[in-house]
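Should a chain be cited, it is by its letter among A, B, C and D, assigned in written order, with residues numbered from 1 in that chain.
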Amino acid sequence: MKRQLIIGPEPIDEARLASERVMSPEMGAVVCFLGVVRGSEEGTSIAAIDYEAFEKMAVHQFNLLFDEMEKRWPVESVRLVHRTGVVKVNEPSLWVEVIAPHRGEAFAACQWLIDEMKRVVPIWKRAVKENAEKPKR
Amino acid sequence: MKRQLIIGPEPIDEARLASERVMSPEMGAVVCFLGVVRGSEEGTSIAAIDYEAFEKMAVHQFNLLFDEMEKRWPVESVRLVHRTGVVKVNEPSLWVEVIAPHRGEAFAACQWLIDEMKRVVPIWKRAVKENAEKPKR
Amino acid sequence: MQVEVQFHSYFKDLTGCSRVTETVEPGCTLQELRDRLEARFPKLAAMRKSALVAVGVDYQPMTYVLKDGDEVSLFPPVQRG
Amino acid sequence: MQVEVQFHSYFKDLTGCSRVTETVEPGCTLQELRDRLEARFPKLAAMRKSALVAVGVDYQPMTYVLKDGDEVSLFPPVQRG
């Protein structure tokens, strides 16, 4: 299974990621997910979310999830980009792509990966209020 | 709910579709699916798939599905492109994008739409063998 | 009265044509039309269980009563997988 | 022997620091270390039920026996939703 993992502050370049896709002729399904920062958090309106990653552990935990994914589904390729730092409302903070022979397994693997990620990968969110300074760390 | 439906022979231009995406600040999840022609069909290797649509009915049936989708999930936008005619192995014949506030509903709506489409929308596949002429209609 | 019948996908191969016009009596149901078509195109009869039938752009049950000018479509199950 | 302890996310606000070095006896478990940290930083104790604890890059149970040079991390639940 091919894996690509990027954790960092650069904006997510969907067009470039799509153009770099490689898949063999036996693959029939590509599922992509974009997680986009919403304009409100628990009822109050926000300007952005500041993502903090414990990067070394995040990379390791993502790779453990990829290992498990590979055991459970015939996925040929997984690519995942998670932004860190301040991501404005309406911009994507997460991009995931899963390629598999059939759509059932591609959807299942992609959803499982995101659910597990939110449970074990040490990346935290902090809302940035409108007209507020960047929060202290 | 915004709807865009394209049924036709033009290749699917993912980059352009992505660049044309419009979503409000309350939306947090974009799920995209690409259905790609596989190199084999029931064990024999093929060169392409020839898609035939009963277009007038296909458009109507897609719109009935969009109506139902809108009732079931808080989807803000659905866009769907289905190619007709000969689509070569490794090229996408289907592109679907669903935008919703949260990922659970975006994934559920997108999978439901594809499953239902394969049940009721009159578009048929015919394998094109390697080194074969385009099949007669 | 007259109804148009269209065949799609490999049903065109089974019947050897893509479209026929049938003259039916008022009150004729889809089931009766279908029986007639199967008598005329025996290869269609073998597909009876899986065939889908639409009038215009909507699926209709076999009890549907045909109207003058109806466009009936017969076709195999749509793409799977 | 010495272990490094790192705090992440709002646990840094609760403790007022991002990292401390603790001297522990051989055989000391994560649980014992945690009890000590909670005595020193009372606001951490309130988070006991939801806090996650890792050694290096792996989650470890509270029965884990610390080794010299271990890097322990304490942090709140990761992003939800």
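Going forward, contacts are C-beta pairs under 8 Å (C-beta built on N, C-alpha and C of every residue); 3 or more make two chains touch, one makes a residue touch a chain.
Keep in mind the model is a prediction, meaning the values are calculated, not measured.
Chemist: Hopping along touching chains only, can you work out the least number of steps from chain B to chain D?
Modeler: Contact-graph shortest path, chain B to chain D, evaluates to 2.
Chemist: Take chain A away without moving anything else; what clusters of touching chains remain?
Modeler: In the absence of chain A, as far as touching goes, the chains form B, C | D.
Chemist: Nearest whole angstrom, what separates the Cα centre of chain A from the Cα centre of chain D?
Modeler: 27
Chemist: Averaged over CA atoms, how far is the centre of chain A from the centre of chain B? Could you give it in whole Å?
Modeler: 23
Chemist: Can you check how far apart chain A and chain C are, centre to centre, with Cα atoms defining each centre and the answer in Å?
Modeler: From the centre of chain A to the centre of chain C is 49 Å.
Chemist: On a C-alpha centroid basis, what's the spacing between chain C and chain D, in Å?
Modeler: 72
Chemist: Which positions in chain C are in touch with at least two other chains?
Modeler: In chain C, 81 touch at least two other chains.
Chemist: Could you pull out the residues of chain A that touch at least 2 other chains?
Modeler: Residues: none.
Chemist: Which two-chain combinations touch?
Modeler: Pairs satisfying the touch definition: A-B, A-D, B-C.
Chemist: Under the definition above, what is the set of chain B residues touching chain A in their complex?
Modeler: 14-15, 18-19, 23, 25-40, 89-90, 92, 101, 103, 106-107, 110-111, 114
Chemist: Under the stated contact criterion, what part of chain A meets chain D in this complex?
Modeler: Touching chain D from chain A are residues 51-52, 54, 56-57, 59-61, 118-126, 137.
Chemist: Residues of chain C touching chain B in their complex?
Modeler: 6, 8-10, 12, 18, 52, 54, 56-59, 73, 75-76, 78-81
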